[in-house]
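In the two assemblies presented below, chain A is common to both, partnered first by chain B and then by chain C.
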Partner chain A sequence: MKLRLAIPVATAALALAALAFVVPAMAADTPDPVADAKAFQKYFTDKFPKLKPQDFVNGPYSMNEDLHKQWEEKEEFPPYEFALEAGKEMFATPFKNGKSYGDCFPDKGIGIRQNYPYFDEKEGKVVTLELALNRCREANGETPLSYVRDEMASLTAYMAFTSRGKPMNITIPNDPRALAAYENGKRYFYTRRGQLNFSCASCHVQSPGERIRAEILAPALGILNAMPIYRSEWSGMGTTSRRFVTCNSQTRAVPLEPQSDEYRDLEYYLSYVSNGLPISGPGARP
Partner chain B sequence: MASTIRVRAISNGDTTEVQALIQHPMDSGFIKDAQGQTIPPHFIQQLIFEHDGKKVFVADWGPAVSKDPYVKFAFKGGKKGDDLKISWADNKGASDSTTAKIA
Partner chain C sequence: MSMRTSSVRNIVTAAVLLLAGAAPAFAASETDFKAAYVAAEAAEKEAGQLRNRWTTAEAALKAAQKAAEAKNFDAGIAAAKEAEALAKASIFQATSEKERWKDMEIH
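What follows is the complex of A and B.
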């Protein structure tokens, strides 16, 4: 008899306990980007107490002394110089209709890299710099550039170069769709996928500074501030799109189309949590 | 078209340290493109640095050198303001040259 009574009492207690858990869990589920970014940055500064926040934008070079020495030498004669020059030329060259890239952007496109990607309230979606550049081309009757090739990287290299040192400044407008895009990007970042079952975070949050084969993993904090990058491994320039696509295929997942909604949201999330860190692009990576 | 050669030469009195970056595809002839067609070999065969009419550095290169090669060396002599002439020639007969001032 006593036992029979005990069971419902225990169940009720369990139910109560479950309820007590549900309430704070729900509160924590409400997206709070400001707290997210703070916690995200704190995680990295705690993990690497010797580094200053602005060191993170130099990726693996801040994590390994030997690499740092190589990099200092490399920066005297940076391998992205040719792309930078090509980008400057492309940026200044007018389209067939006489307009140029500068006409599509605020401040003629100079020193604005830190504001991208932004949430476009008219479209209800995230607009990245690469996307904006191709839209600019199409609006002026030109064919869009490939998102993963050198021409696009040259353009963004030039735009990043004119914005060097400016703190990343991504805003989330008071629009539920903007918050949803941010959340979606965050979800993509932390979701495991592919044959190797890696999420973006497995490498770039859990293991920055560690080796993956011969390479040193870069921290997620500030990783986009250095885009686009010259990768010695690629013998060429890489855009943010190219970086995302290759990351996915390296974990043996199926990459998405460059500038698909999810990649745009991912870029939005990843840039937002690096707010305040300086733009250092174009970068050079091993 | 901008020059394919970037040079920086700095004299410290006795020696001059030279760094150069050259834009060149340096195709080895063993790589296939996206359509499966072999990309024909295209590489720099000779690279020469001249100071004061004298060759201070000559490199005989082959297909094993990487794309956009980088060179760094030092030579005895060379004063601030001197000219340093750099030239390359590749296996397709193309060439380029530039003259830099030693700083």
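What follows is the complex of A and C.
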């Protein structure tokens, strides 16, 4: 009788012990964006204890005093000013049907940059500001703009400018597809690619402040808050799409098409983990 | 004819005959190139399906095609083999990174 009882008791004990191991493992695999963002921001503030959190949005210019001085001087006659003016004019110019960009966005498109990208529950995908602008054009009978050229950079520069100082405010709705998009973006960020075997994190998590050839690498924290940017290296403006494409090429990976699902998800993830940091775009970079 | 001249002539004749026999074995044919190119292209296609093509593999494939157009099949095969090796490395990278990306994650 005792033996009869002992067998089921032992089996139950074994099952419980197995569960004790399995449950934490499952919990570790469940995406937790809030914990991710907290850990992400802590990593950078621990790595650069002298920097205020809001300074990270200035990229390499926040990394040392000399560069910071250069940035202050540059801001007196910012190189993105032409793009800003052009963007303001484009934004206000009506389409052929009489409508304008403002008609496609909440608050007429002013001061809303910090809410992009967002997860569109109807479509089940991430919508970036660049994508929303082109969708607006197409809905009004206009041809879409190139995602990597000046006109898109000018438009987003103006919209970013109207949001300057507002904290990044990306939300993840209670929708498993939104969480999957976030997780996909995170995976893309940390995945090594290209013949040089670099991930986004190789440069912007492991080595911010370090030199890669002549450049000083920007921290990933707040990196998109400054978009679009004027890059001296490009002698012109660059959109977020252009930044992703060139980053991939620099690692000798064939870039994906701008606004592919992967890039949209990457922008979602990177923006989310920078929540709370101010929009500083348009920015300037060496 | 001296004994010496005769020997030299024999050596030259033998060398010419040997070379004539060996040449086809060294020069690559268009068929060889096509086989190498198809293998490289298949590997690069697989890398594309994994969304992980490398610019260097693409460049080697183009170089292979260009060499073949110029009927330089030796160079074409060498470039195709390089492209295949690079494409296979990119496939390995994409496959291993399916899990390994987590090693770099901030916790």
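As a working rule, the second predicted complex is superposed on the first by the 263 of 286 C-alpha atoms of A that agree within 3 Å, B and C clash if a C-alpha of one lies under 4 Å from a C-alpha of the other, contacts with A are read in each partner's own complex, and residues count from 1 in each chain.
Simple rule for what comes next: a residue touches a chain if its C-beta (ideal position, glycine included) is under 8 Å from a C-beta of that chain, and two chains touch if they have at least 3 such contacts.
In this text the structure is predicted, and so the values were computed from the model without any measurement.
**Q** Answer with clash or fit: chain B and chain C placed together on chain A by superposition.
**A** By the criteria stated at the top, chain C and chain B fit after superposition, with no clash.
**Q** Just checking: does A:Ser235 make contact with chain B only, chain C only, both, or neither of them? Give me first, second, both or neither.
**A** First partner only.
**Q** Once chain A of both complexes is superposed, is A:Val254 in touch with chain B (first), chain C (second), both, or neither?
**A** Second partner only, chain C.
**Q** Going by the contact rule stated at the top, is it chain B or chain C that touches a larger number of residues on chain A?
**A** C
**Q** Just chain B (first), just chain C (second), both, or neither: which does A:Glu76 touch?
**A** first
**Q** Give one of first, second, both or neither to describe whether A:Gly194 is in contact with chain B, with chain C, with both, or with none.
**A** Touch partner of A:Gly194: chain C, not chain B.
**Q** Between chain B and chain C, whom does A:Ala39 touch in the aligned arrangement: first, second, both, or neither?
**A** Second partner only.
**Q** Please give the least Cα distance, whole angstrom, that chain B and chain C reach in the superposed model.
**A** 18
**Q** Which residues would you name on chain A as touching chain B in one complex and chain C in the other?
**A** The overlap between the chain B and chain C interfaces on chain A is empty, containing no residue.
**Q** Considering the complex alone, what residue numbers of chain A touch chain C?
**A** Within the complex, chain A touches chain C at residues 36, 39-40, 43, 186-187, 190-195, 197, 199, 201-202, 205-206, 249, 252-254, 256, 262.
**Q** Please name which positions on chain C make contact with chain A in the complex.
**A** It comes out as residues 51-56, 58, 86, 89-90, 93-94, 97, 100-102, 104-107.
**Q** Inside the complex, what are the residues of chain B that reach chain A?
**A** Touch residues, chain B against chain A: 2, 6, 8, 19, 21, 23, 66-68, 70.
**Q** Which chain A residues qualify as touching chain B in the complex?
**A** That would be residues 76-77, 79, 81-82, 85, 89, 235-236 of chain A.
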